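Sharing a structure with you now.
The letters A, B, C and D name the chains in turn, as written, and every chain counts its residues from 1.
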Amino acid sequence: MKESRYIFAIKEAMEEEMEKDENVFLIGEDVGLAGGSFGASRGLYDKFGPERVVDTPISELGFTSIAAGAACCGLRPIVEIMFMDFVTCAMDSIVNQIAKMRYMFGNQNTVPIVIRMPEGGGLNAGPQHSQCLEAWFAHVPGLKVVMPATPYDVKGLLKAAIRDDNPVIFIENKTLHAMKGQAAEAEEDVVLPLGRADIKREGKDVTVVTASRLVHESLKAAEILANEGIELEVIDLQTIQPWDRETVYSSIGKTHRLVVAHEAVKQFGFGAEIAASVAEELLDELDAPIMRVGAPFGPASYSLEKFYVPGAEDVVSAVKRTLERSF
Amino acid sequence: MLMKKPNKKQLVEFYKMMVRIRKVEQKLMDVFSAGEILGFLHVSIGQEAAPVGVCAHLKDADYISTTHRGHGWAVAKGIDLNPAMAELFGKKEGFCLGRAGSMHLADTAIGIMGANGIVGGGIPIATGAAFAARYKKTDQVAIATFGEGATSEGAFHEALNFAAIKKLPIVYVCENNAWAEFSPRSIHLPIESVTARALAYNIEAVSVSNNVLEIFDAAGEAIQKARNGGGPTLLEVKSERWYGHYVGDAQQYRGKESVAEAMGKDCILDFEKELIKDKILKKQDIENVQSLVDAEVEDAVSFARECSYPQESEMLDGLYV
Amino acid sequence: MKESRYIFAIKEAMEEEMEKDENVFLIGEDVGLAGGSFGASRGLYDKFGPERVVDTPISELGFTSIAAGAACCGLRPIVEIMFMDFVTCAMDSIVNQIAKMRYMFGNQNTVPIVIRMPEGGGLNAGPQHSQCLEAWFAHVPGLKVVMPATPYDVKGLLKAAIRDDNPVIFIENKTLHAMKGQAAEAEEDVVLPLGRADIKREGKDVTVVTASRLVHESLKAAEILANEGIELEVIDLQTIQPWDRETVYSSIGKTHRLVVAHEAVKQFGFGAEIAASVAEELLDELDAPIMRVGAPFGPASYSLEKFYVPGAEDVVSAVKRTLERSF
Amino acid sequence: MLMKKPNKKQLVEFYKMMVRIRKVEQKLMDVFSAGEILGFLHVSIGQEAAPVGVCAHLKDADYISTTHRGHGWAVAKGIDLNPAMAELFGKKEGFCLGRAGSMHLADTAIGIMGANGIVGGGIPIATGAAFAARYKKTDQVAIATFGEGATSEGAFHEALNFAAIKKLPIVYVCENNAWAEFSPRSIHLPIESVTARALAYNIEAVSVSNNVLEIFDAAGEAIQKARNGGGPTLLEVKSERWYGHYVGDAQQYRGKESVAEAMGKDCILDFEKELIKDKILKKQDIENVQSLVDAEVEDAVSFARECSYPQESEMLDGLYV
């Protein structure tokens, strides 16, 4: 397998799908001429032209709903929201329109739209440019929510999202953009299933359920703990709505201990749903409290980011607590 | 660009369509008051001219997005009354499986993209339809309909700005009925006419009265311009809201005179008089139209009554593809 | 104590606070001349005039941020969002501005703003007029989230919210608006603390943690189950951010069984956070899985609302499951 | 209404303020490039005239909301350079405890309500300040500053509409620097001048060049009108963005000529020449101003360097009152 950067894998996925299906197009701020604020669409404007790589005015609500309208009329838009924080401007479009258009019109139409947005810290960009808001979307019926962790995954999942006939919220992570890793060869056309978790590391002692950047932090934690003889099973959910109960539950059946880790604020984050589901459906399997890892309950700040975003050491200490406090 | 005048057959069809809208909604008010339909019901009685004048230029393949007050547009765009009525009754045989009711009525097969319960919500969606038409190089156009209240929403602004920059094939039809819920126009508009909003985007705007022929002419030009690549137009229709915001709203916030004044302006009666004066219709023709439409509406209601409600077990069917 | 309607208690709270503090004002669509879409401000326009009861154009984003700006300059706005569903239009204002203005400017200013909105079903008004989105706001640091259940509570909590120097999301429930119940006398000036739960019924067998409309459904469930000899302890959280851990945990210490019930879609709802916290901090106290009650994972629909919104029978069956499946 | 011309002392003060803004930002570029400050840094070099011309009319009690490109406005409104610089360095002695950095710099004690990282986000917030001023019957005014790109956001539309209806004491100052991030004006505006946007709200608009005296005059009238209850004005300043969207952006999307053309237009140098021609300043005075300001800026940077970073334990202090 070749090596590729996460951001480049995104570009490749879009490019290949645009080549395959002329109804696929990209729309957003600075996606065209400039190739995207983070460079995700570099080269696509030259290749596909302004009709298919559409620069918009700064108007997240407007262009998201415009894309939605186009999706109802046979096109397959990919919308780029520059920072996930700005999706607050487009919530009406996503929640009241896109998520409901198929259901409320009695399944008359599909709404094949992918809304890409990078979340998280890493740029010291402060409270309005660092949020992780995936839990909001996972709470909205009608949407799928995908959070890929590696170059390989992001390409396969983005291709799947573009081909999916449901609206997909596709969440990247800013610190992952530059990450290098194994990637599929172009001709392979790898398409990964939405809704399926991927076991990134097998282990027998504690299950860590995570996604996106925290997959890597959890893998680091697994390395650290392996030195102490503790074997983590790291499950990358990949999709948090719908999430892969089967894989998570069967891992817990093996380890009997669970940690859920994400970059978002811990309280009311997606970890709460995983933990609550386990406490509802699998409580007897647990040998220890379910520990959650997430950012502290405060906004990100300009100069304290490094203390704010959770990392491997937080996963390590959560794991240790599940081992100490068993009953 | 000079528009063809409507011929006699068309004029009669306009009249019939306006009567159809009126009678559908009058019937809806009855069945709503009788408790046969639930939720919110917003009627457009007094505003029938706009949908008829505009939709006369549209093909099935053209798109419209409508609002909470959208029955008239669906009817004028050619919706089949039986499944439409079934939808309004919340029945499973309705266009939307009874999930939509009045506020979200849609028939996408003939370009009725769906009524919207979010004020302004449909404006960028129709703009997206126009984008799709241009993308696919068809000659389709899109119509976004909305009230004057909706022009204060950011969605209006963002959509028109985009359409202007991209010169999309769309006509924005604002039915300025002087009220948004319980608030008069002055709460919403710092301008005399909604057409002033168009200046912000350098798009053409025209304001017409609640006269179906005036609307037909203005819409015809705008739609033809859109089809020919000339970009968007904002069309304001100054119309009247006879009844409350929704059925059940007694309009206590609104002076009796204001209601009487609105009801004194009847776009259907005015048109009827014109047609009689011009000898296009006779008294008898009018009676025929009325009874024909009455029968259609009765049929639709009977159909709807015989349909069945969706089952609990069907509640989530098709939520995901 | 006198009897009052919930909606009238809201009006009284606003009226009394406006009398007491001239910086308090109300802003929103149709709140003035018309007295509010649900009648919450009936009479206030005549009493306080258009400067303090401010009708706005239909522009949720605009007027919410305008109120926020005013709050930074010494006023104490009460914002009415007509239906909670429309708050999707104002998310940027609430999440990126209001919640963060104090923190990110280094505590220079306070942002004393109350944003009222009615949620939930009851009107057969379909998918865009029936949502319960409180979990979103509870996930946003900087906000408080209050969900009163009774006329007495709504008045006392709204007065507290108006006097609070933090931004408060104040969630009413449409079916409660018309509800009659005991209420404080006007001269009493009852102000209830934010962040404190209220035990609405004591019981020893199962703890039901809930809020808003589901308090009443849970109390009905308690009546039904009392006939079978099962005693529910019904805890009305009243505030879901911050929520009253102490009251919840001490109840679980007694009952060892927990049900969490809300009207919002079950998945990723506020029940998930309560359940996850208990699974993290109090697992050893549990004698049974934690059951959650919420709406099914789909949009509300026009004609299936009665099957969609959860009720007493759902609480009953959840309680029974905690009793069957103990271990 | 005829404005008083600025006197000699004021002219010198304008010049000094423009130089101060320029030098602060040049220094910021240096320390940013040296890695001493992090995050995003957006400089307004080439645009110094607008904040100076506008803020010359403001009192401490007046309000301004600024953007990501807001240093100039904070400086012109009178921010104390030492704690401001500490903030930009992310230090605890900064105005915002180091939480804000460049993108959210605020000093509410002198009406600097806070820079906003959300394009358009500050426009309704300043409108709210104007609302508060009116509510309390003070003579305060509010200024909302933003770029031409921001005028496409719904927030712009909703705020101006409200201000127009309520005749609030506010001036909307659009710095039209021809670029929004990496996109030229044509992506955002279907109109020649941002002033056309004002027609949608029936508010007065005026467009001026990047000349501090022209701006001073136009702003003076608008602010006086606002103080006198005459309502809002939209003031467009056609200015130039010399550098990239943020420091580090090499402007590859922008032709070299466009950059050279922008840099050819220097509102400070132009003003300097005028002042020399009019014998208000001599070469020596200019050198004095420059070195005085250099010292101020050096002081501020030294101060900032000596300050300390906030501790992890202080991270959530004061989140709730």
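The rule is short, and it goes like this: a residue touches a chain if its C-beta (ideal position, glycine included) is under 8 Å from a C-beta of that chain, and two chains touch if they have at least 3 such contacts.
In this text, all values refer to a predicted model and were calculated from it rather than measured experimentally.
> Report which interface contains more C-beta contacts, comparing A-B against A-D.
Comparing A-B with A-D, the pair joined by more C-beta contacts is A-B.
> What whole-number Å value describes the gap between the mean CA coordinates of subunit A and subunit B?
40
> Just curious, how far off is subunit D from subunit A if you go by their C-alpha centres, in Å?
It comes to 37 Å between the two C-alpha centres.
> Go ahead and note the Å separation of the Cα centroids belonging to subunit B and subunit D.
46
> Using the average of all C-alpha atoms in each chain as its centre, how far is it in Å between subunit A and subunit C?
Centre separation, subunit A to subunit C: 30 Å.
> List, in ascending order, every residue of subunit A touching at least 2 other chains.
If we look for residues of subunit A contacting two or more partner chains, we find 56-57, 59, 61-62, 85-86, 88-89, 92, 96, 103-104, 126-128, 141-142, 297-299, 301.
> What parts of subunit B, by residue number, touch at least two of the other chains?
98-100, 104, 116-118, 121, 152-155, 157-158, 161, 165, 187-189, 319
> Viewed as a graph of touching chains, is the assembly arranged as a line, ring, star, complete set, or other?
Looks like everything touches everything, fully connected.
> Where on subunit D is subunit B touching in the complex?
So the residues of subunit D touching subunit B come out as 152-158, 161, 164-165, 186-191, 196-203.
> Using the touch definition up top, name the residues of subunit B that touch subunit A in the complex.
Interface residues on the subunit B side: 63, 65, 87, 94-100, 104, 106-109, 113-114, 116-118, 121, 124-133, 135-136, 142, 154-155, 157-159, 161-162, 165, 317-321.
> Contact residues on subunit D for subunit A in the complex?
38-40, 90-91, 98-101, 103-104, 116-121, 149-150, 152-154, 180-183, 187-189, 253, 309-310, 312, 315-316, 319
> Show me the residue ranges of subunit A that touch subunit D in the complex, using the header's touch definition.
Contacts found on subunit A: 29-30, 33-34, 37, 55-59, 61-62, 85-86, 88-89, 123-129, 296-299, 301-304, 307-308.
> Could you list, by residue number, the parts of subunit A that touch subunit C in their complex?
61, 85-86, 88-89, 91-92, 95-96, 99-100, 103-104, 126-128, 131, 133, 135-136, 138-142, 241, 264-265, 267-276, 278-281, 283-284, 286, 288-292, 297-299, 301, 327
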